[in-house]
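These notes open a run of structures that come right after.
Here come two complexes built around chain A, the first alongside chain B, the second alongside chain C.
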Partner chain A sequence: MKPSSLIAQKERGALLQNQRGLAWLLAYSGILSAFALLLISNKELSLLDNAQIVYMMAGTVTAAGALIAVIMGADAFAGERERGTLVPLLTAPVSPAQLLMGKALGLVSAWLLMYLLALPYLWAVGAGGQNLLQAIFYLALFGTPVVLGFGYLAMALSARSGSVLSSMLTSLIVLLFSASPLLIGPGLRNSVIGKAIDAVNPFSGALNTFDSVIIDSAPFSGQLARLALVLIWLSITFLAARVTARHPNFR
Partner chain B sequence: MLIDANHLHLNLQGQTILEDVSLHLAAGEIYGLLGPNGAGKSTTIALLLGLYQADRGDLKLFDTEPRDNVALHRRIGVMPEHAGFYEWMSANDYLVWYAGLYGGLLQPVDSLLQQVGLEATGHKPISQFSRGMKQRLGLARALVHGPELLILDEPTNGLDPRGRREIHDLLLSLADERRVGILLCTHLLDDVERLCSRIGILDRGRNVAEGSLPELLGANRSGRRYRLRIRGVPDNQQLPPDLKLLRRDGDWWHVEISPTMAADPSRVWEDLLVHGWQYTEIHAESGGLETLYLQLTGAATDKQEEAA
Partner chain C sequence: MKHLQVLLLLAGLLLGSGLAQAANLDLQLAADPKNPSSPTMGDWMHFNSVISNTGQQAIDGLVAWISLVEVTAGHEQPMDLEDWSAHKAVTGTTLAPGGSLQTNWPVRLIKQGDYRVVISATDRNDKTVFTSPTIQFHVAQKPVVESRRILPVALGLPLFIGGLMGYRRYKQHHAG
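Now for the complex of A and B:
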């Protein structure tokens, strides 16, 4: 087996066999459960229509996925260092590119698991509506690069920073900043600055696409610019991780 | 030559960490790297492993440069000072996984665990291991691919006397029978005296001594201690600074010659004659590695660290 596959295998083990990994997955499921319950009760009160509920659920899955990806990414190098397992990896015949690839594949596996866990929730809130399949498809297409991008950003910081905490906090600030156009409300979001941030913000890009395709049933052709945005985000963050992981901070 | 390091200099964040450090290790040799905390031992190891790039100097391991040289890692086994593991795994699973990074185990995992005294614990989760067991597992990890060079940072920390003796025997057999070169970084001078054919002492990032134990002790005559009895010293007489009063026994004063004069005590004898003091019962003893170490690295530094 290739070193990168072995490292990815270990990352999957850390998520599924380690108590801490299982606790994060449980927390993720808890967030989705609470949110799904809230949405279903609103649906029954006819406060929200089906498409809006599916859109909100897709957004929640992306946000919760990005949050877990940040936690995993921050742990990728700084966590190994804090546990005393980084030097044995760096002194094994594993190139920095293979090490990063293993970590990156581990993150992909984690997101795949989170995506699969989200499907029953999407079905629970959106069954009976016409855009459930679009939601599932666009969550994969747009959610994946956004979530992985935040994970790779955290990895890039983790390889350089002194601790898991500092890399996690920095990544969370970026995540919060990315989500800010959604938090500040439609008025500020339509301002010049709000629009400018929206245009370059991968998180907004994914949510605006969910809005277009799930609520407005817009065609795929209208989402190409946003798809390019989230793919650029993914490429930049992965490149940053490659650069910093070449010589990670090991002490 | 497994390690050929000459005049290495390293600055980190504007601070000089290593200055003119040299180190040489041949196959089958055990080299003890000594020095107080912060002397630069772990940094030297990191440099040897290619984790840092020296600012100046010449460094070769197996005749190749270690920086960004992943292929070289197949020939080196490393046991870092703070060895960690994936604690949800069992020792067996961990070693099989880690060996996979090298292409697979060279010997059955049970035999490897037996070699380091961990037989019958292979199926236990590492989280249940004691500190000593983790040290042994760290050594097993370093041996997993049959390295030609072992770099061990404090390998016997946390081991009981029997465990230490077992690890000593293992290291000696690796060096003697398999011609493995071993760089041993430790604070335990007993380990060094028992195992090492050559010793290097670092202090504040500099080599302050290098050689075999007899060479170092022979070269450092100031490591000797002289005690003697003198008579005829007036009661209110201050002793010369080269003499330290240990105790008085009637007319006889029991004194020790200061370490700085011990290398050449002839001036002290002349002083005693000038004063007209009678001296007798000269007791000379070799200081050993501990005395040498304390002199070369400055006992004051250790005291400061203890106080801190």
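Now for the complex of A and C:
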């Protein structure tokens, strides 16, 4: 088995077999449950249109997934360093590129698990309504690059700074800023600054696509520019992780 | 007397030319015959408008837009069409004298209540805004979130993961 596959397997196992990994999954599931329960406990929210709720759930899944990805990414190199396992890892017959690939694949597996965990929630809030299948498809297509991108950004910062706290905090600030469209209404985002941020923000790209396809039933052809945006985001962050992982911070 | 006649003639000409330049639009609005008879939240409704240029001059830069007003007792307010409609306006159209523009306005019903829809139009040169007759409709409430679906998932999954954590801890404790 390739070293990168072995590392990926270890990372995947850490999420399912490790108490800390399970705690992350519990937190992720807790966020989705809290949102779902809010829908049935609040009259105004329960009256929202079905498509609107599915859109909000897709946005919440993406935000919660990115949050866990940031935690995992920040732990990738700096966590190994802080636990004293980074040097033995790098002295083993594993190249930095293979180490990064293993960590990156581990993150993909973690997101796959989170995506599968989100499906019952999407079904619970969206069954019987419109565009549930579209929501599931577009969450995979747009949520994956956004979530993995945040994970790779945290990974890049983790390798560069060598500190879990520092890389996590920086990544969380970027995530909080990017995910602000979830909190700010579309009306406020119609300003010049709002539109400019929307044009370059991958999170906005994913959210606007969810809005467009789930609520407005817009076709795929209208989403190509946003798809390019999230793929560029994924490429840039992965490239950044690849460059910094060549010389991770040991100090 | 002769001066007065000339002045009156000039005034008449100016007034006449002013009237001739003013846009003259006729707006008609009708609900699509295929609309649901008892619309409920989540349904689509379509409205067909016909904007006719009844004046003598072409109208350039015509802008027509749809407005929705909630008239539910105690909740009277103009609606933000963000989630209701992706087709909010027709812009930049030119209408020749006697010409008309037919537009279909799809609206997705997001919230229960009583609503009125109206189409407004204006053009680049004239300051007048023309409006169509309004159409009023009622959107019936539809409970869209079902607790019998949500509760098992929202409570079951965290409990399952928590149970898995407990099981692993128990196993580790007994293995040690």
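Following the convention adopted for this analysis, the second predicted complex is superposed on the first by the 236 of 251 C-alpha atoms of A that agree within 3 Å, B and C clash if a C-alpha of one lies under 4 Å from a C-alpha of the other, contacts with A are read in each partner's own complex, and residues count from 1 in each chain.
Everything below uses one rule, namely that contacts are C-beta pairs under 8 Å (C-beta built on N, C-alpha and C of every residue); 3 or more make two chains touch, one makes a residue touch a chain.
This is a predicted model, so every value here is computed, not measured.
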Taking the superposition as given, does A:111 touch the first partner, chain B, the second, chain C, both, or neither? neither
After superposition on the shared chain, which partner residues are touched by A:48: those of chain B (first), chain C (second), both, or neither? second
After the superposition on A, what does A:121 contact: first (chain B), second (chain C), both or neither? second
Is A:40 touching the first partner chain B, the second partner chain C, both, or neither of them? second
For A:83, decide between first (touching chain B), second (touching chain C), both and neither. first
Thinking of the overlay built on chain A, is A:13 touched by chain B (first), by chain C (second), by both, or by neither? first
Touched partner set for A:92, first chain B, second chain C, both or neither: first
For A:210, is the partner it touches chain B (first), chain C (second), both, or none of the two (neither)? neither
Residue contacts with chain A in the superposition, chain B compared against chain C: C
Shared contact residues on chain A, chain B side and chain C side combined as an intersection? 17, 19
In the complex, chain A touches chain C at residues 17, 19, 22-23, 25-26, 29-30, 32-33, 36-37, 39-40, 45-53, 117, 120-121, 123-125, 127-130, 186-187, 211-212, 215-216, 218
Which of the residues in chain A come into contact with chain B in the complex? 1, 3, 6, 9-10, 13-14, 17-19, 83-85, 87-95, 247, 250-251
Of all residues in chain B, those that touch chain A in their complex: 46, 49, 51, 70-71, 73-74, 76, 78, 80, 82-86, 88-89, 97-98, 100-102, 141
Which bits of chain C are touching chain A when the two form their complex? 41-42, 80, 82-83, 86, 108-112, 141, 143-147, 149-155, 157-158, 161-162, 164-165, 168-169
